[in-house]
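Each of the two complexes below includes chain A, the first together with chain B, the second together with chain C.
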Partner chain A sequence: MKIEQYRIIEKSKFDDFINSLITFSKVVAPVYKGFKNYIFQEIKSAEQVSLKYIPTIIPPKKYFMPQRETILQFDVNNELKVEPIVEYENLVLFGVHTCDIAGIKCLNMVLSDKPKDTAYLIRKKHITIIGLECNDYCDEYASCSFVGAHIPTTGYDLMFTDLGDYFIVHIHSSKGTDIIEKTGIFKPAKDNNIEELRNLRAQKLKIFNNEVPTERRYLPDLFDRSFNASVWKELEQKCLSCGNCTAVCPTCYCFDIKDDVDLTLKVGERYRIWFSCQLDPFAKVAGGIDFRKERSARQRHRFYRKFRYHIDRYGMVFCTGCGRCSRTCMAKINLKEVLTSLIKESEAKIWRKWL
Partner chain B sequence: MAKVVIKDSPYNVKRAKILDIKSLTEKEKLFKIVFEDRSWLDFEPGQFIMVSLAGIGEIPISVCSSPLNRHYFEICVRAVGKVTNSLHRLNVGDIIGVRGPYGNGFPIKMIEGHDLLIIAGGLGLAPLRSLILYAIDNRRDFGEIHMLLGCKTPKELLFVDEIEEWGRRMDLHFACTVDRADPDWKGNVGLITSLIPGVDIDPLRTYAAVVGPPIMYKFVIKELLAKGLPVDQILLSFERHMKCGMGKCGRCQIQNLYCCKDGPVFTFKEIMDMAEAL
Partner chain C sequence: MSKPKVAFFDFACCEGCQLQVANIGELLIDVLDIIQVVEFREVMSEKWDGEFDVAFVEGSITDEHAVKRIKKIRERSKILVALGSCATIGGVNGMKNSFQLEEVGRYVYGEFYKFFPTIHTKAVHQVVKVDYFINGCPIYIPEFVTVLKSILQGIPYYVPEYPVCVECKLNENVCMYDRGLTCMGPVTKAGCNSWCINNGNICYGCRGLTINPNIEGFKEVLKNYKIPEDFLMKKIDMYNKCKELDKQ
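Up next is the complex of A and B:
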């Protein structure tokens, strides 16, 4: 920890910070919407911000990869004219938890893989991320320690950590430095502040325990053994195939591409829209054949995309442990429970082999 | 919201002009296409392009002309959905959008020097036609070439003129079958699998290229394995509804493989243990 990268800000000054941030940029932060629901939305004053919040309904991926995004505009009035476009805006995302930062890292991985998604890269460049560290679990659905997303590592410009009556702020980029300088409320951190941060991190190691009875490095093995597990058949009975889990997942990025025209039928746009492997038409082809007809196969596909396939392709687990899928599931399919049953079933198989 | 034009977007399409349209059957038409800037679609047999009609949509279609033809390229389209039906209503001279080529085609460099067994069911002949034309253009680089074609009825036979010509050639072994014959049909009747036991091949030096409706693969592969073909010499091309063609949209995923990026041509070895593939 380099002390020159740290600043502190008193909690009494926090509102001043947000209000001064609003004067020079559009600021998006978690806002309480009732019934334990929080959302990321643009704020107009500091009072709106919820500092203690459980993961928002939709993760901040909606700013990086909007649910509906125009990719081409066309005009067929005289002759076909096509223009690929990107829409972006300067944005400060305040209060992003480490799980959602991990989710953004996953999107980066996929969309900056060749061929690069130019629109995404442009949009990303205009977003500043201010993180907010969790000192404790948000609720019982989280499994961030299992995937290693509970401690801030990278992927933010500034990181706020709550240390009682003040926040300690880690500056991670020059974009972050700009904000520190422009708002001008921060004080340099002293040795005792760093010491307190160290203590908090040590304390966190005790609070955050592995939520799933296995380790991350055993995931490939576990999933290689589990393709025909009975767990998937059980999910078939529960799952309603509604697609909620994928819509709220910070690392789900599958999409559909559609065209739309205005009333003249001459001018229109091609847009990209979130889609879900849980929904019926996803794996269908022209002849009407559906390559993942059963809900069990679709749920299995979702879990394999989080914990197996992308480890081979991108070297990363595509679950951030935010717990959104379990929180939102109408049929109460719980990610941690599914993993635990998989482990149990697979262990039983191994023992049978030995005995 | 700022809005800017990004010419280097991977979703950008190139304007292409329809040079000629030929009805092959009741449902299939062959489109001869050229880029407006006369540039060359540099592709490998088995690769696909994204064809788009502004306001209607974009679909993946495999190129069916010879990759060595630099003047134009051809696609064979069956009218089944919104975009394909609209394509069928277009006229010569109309402009469409094209991006690509995408995917991995048939591994020509590996096939060269070996015998080639082509098995095409129905519309599967379209992507294979590109390979056949390439092999005919470079005939001396290949060993024996066997072609087995099958379709439902004689009326649905594609590329009839070319098939007749291929049947006359001395350097091709050719057989054709239909599921249900009509009174004028003089050839074989039966499923395409019935032709396989009869072909005279040396299995160890033969690559089989198989394209057809999903249901066909299982039975054809069984026959090929019975013939003694090694699993890594059976080449299959898969149909999925790719939306981006760049390994992002997730629509064409077969377990850890993307049909658009890792395929659409796979060896049987790559997918033999995969559920959801066939």
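Up next is the complex of A and C:
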């Protein structure tokens, strides 16, 4: 912890900070929507911000990869004209939890892999991320400690940590420095502030305990043993295939591409829209064949996309422990419970082998 | 090239879907630039005795007279579109199929019911071939426009094969079940962009059950929310009763 990278801001000045931020940029922050639901949306004043919130319905992924995004426009009036489109705007995301930052890091990894997603990479440059550290669990669905997303590491421009009367702010990029300078409200951190941050982190190690009875490093083995586990068959009965789990997942990036023309039928656009492996048409191909017809196979696929396939390809777990999929599932398919059942079933198999 | 000749017809229905088309607003000018409406009882008195390029049919088929009439319309139309829930899935008229025809007749017409012969309610595709389906009670205008454009381009329109929840989640609505309400979104065909929920209402399931609904799973869900199973089955029957005729 280099002290020169830290600033502090008293809580009484917090509203001034947000209001000053709004004067020079579009600001997006968590806002309460009632019934224990929060969403990221543009704010016009500091009062709207919910500092204590459980993960929003949709993660801030929607600003990096919008639900519906125009990718090109075409005109066939005289000769074919095609124009690629990149939709972007300058944006400050305030109050992003470390789980959602982990999600954006996953997307960065995939979408900068070949073939690069140019629109995504351009959009990302225009977004500033101000994180907000969680001092405690948001609720019982989170498993951020299991995937190591409960402590800030990288992937943000500024990180706010609540230390009672004040926030300590970690500056992690030049974009972050710009905000500190432009708002002019922050004071340099002193040794005792750093000490308090250290104490908080030590305290967090006691609060955040591994939520799943295994370790991250054993995941590849666990999933290699579990492809035919009975757990998946149980999900066949439960899952409604509503696609909620994938829509709210910070690391799901599957999309469909569609064309739309105007009423002259000559001018139109091609757009992409979020799509989900949980839905019936997702794996349907010509001839009416469906590669993943059973709901169990689709759920299994989702889990392998989070805990197995991307470990081989990117060396990363694609679950951020935010708990959204479990929170939103009407059928009460709970990520932690599924993992725990897999572990139990797999342990039984190992014992049988030894006997 | 002359504009395609388009007609609107109605059978057993409330004519609300045609009203949606009549209420299309600013889009009307652009729409009328590309089609010629030759018959549309709700908005004009002219009739057409030739062939139709596209016929939009609202309403379900509920008596022998309607069967004959829809067959004639089919013969005269190059493309036939079922418009709205009554036409696509039988709609609320399908509830009639839960009763004996005589019982229904007596309830409505009393002792003279025999002068009003009736048959089981049918969706249009259960009587004649339908080329395009526009679901909804009433129809959702953006979907109507998309289908119209697909027809004119000569390409198929696929009604989404997933539930309303998908669109609802993308619109980031607070789930109706979180609000303590029962919503049909999880088992209802999408395509309406979760129109009702965006405006604070629950989904009534007017577009009909999705192609592969997990009804047993949904019953379990309702149990978790302490909603009686019977309540759900009634909600499903409200729009889906005619589906049974598809299975026969």
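In this section, the second predicted complex is superposed on the first by the 355 of 355 C-alpha atoms of A that agree within 3 Å, B and C clash if a C-alpha of one lies under 4 Å from a C-alpha of the other, contacts with A are read in each partner's own complex, and residues count from 1 in each chain.
By our rule, a residue touches a chain if its C-beta (ideal position, glycine included) is under 8 Å from a C-beta of that chain, and two chains touch if they have at least 3 such contacts.
On a predicted model such as this, the values are computed, not experimentally measured, just so you know.
Partners chain B and chain C fit side by side in the overlay (superposition on chain A).
Contacts of A:E89 after superposition: chain B is touched, whereas chain C is not reached.
Of the two partner chains placed by superposition, only chain C is touched by A:T328; chain B is not. In the superposition on chain A, contact is made by A:I39 with chain C only, not with chain B. Of the two partner chains, neither chain B nor chain C is touched by A:K52. Contacts of A:K175 after superposition: neither chain B nor chain C is touched.
In the overlay built on the shared chain, the residue A:K204 is in contact with neither chain B nor chain C. Comparing chain B with chain C, the partner in contact with more residues of chain A is B. In the superposed model, A:K13 makes contact with neither chain B nor chain C. In the superposition on chain A, contact is made by A:A297 with chain B only, not with chain C. In the superposed model, A:K238 lies in contact with chain C only, and not with chain B.
With the two structures overlaid on their shared chain A, chain B and chain C come no closer than 5 Å at the level of C-alpha atoms.
Residues 260-261, 265 of chain A touch chain B in one complex and chain C in the other.
Taken together, the chain B residues at the contact with chain A in this complex read 1-13, 15, 52, 54-58, 78, 80-81, 84, 95, 97, 213-214, 239-241, 243-244, 246-251, 253-256, 275-276. Those residues of chain A lying in contact with chain B across their complex are 71-72, 74, 76, 79-80, 82-89, 110-111, 113, 115-119, 122, 227, 253-261, 265, 268, 270, 275, 277, 282-287, 289, 291-292, 297, 301, 304-305, 308-309, 312-313. Across the interface of their complex, chain C is touched by residues 33-37, 39, 57-58, 62, 67-68, 237-244, 247-248, 260-265, 273-274, 276, 279-281, 295, 328, 330-332 of chain A. Residues of chain C touching chain A in their complex: 27, 30-31, 33-34, 145-146, 149, 152-153, 158, 160-163, 165-166, 169-170, 172-175, 177-179, 185-187, 210-214, 216-218, 220-221, 224.
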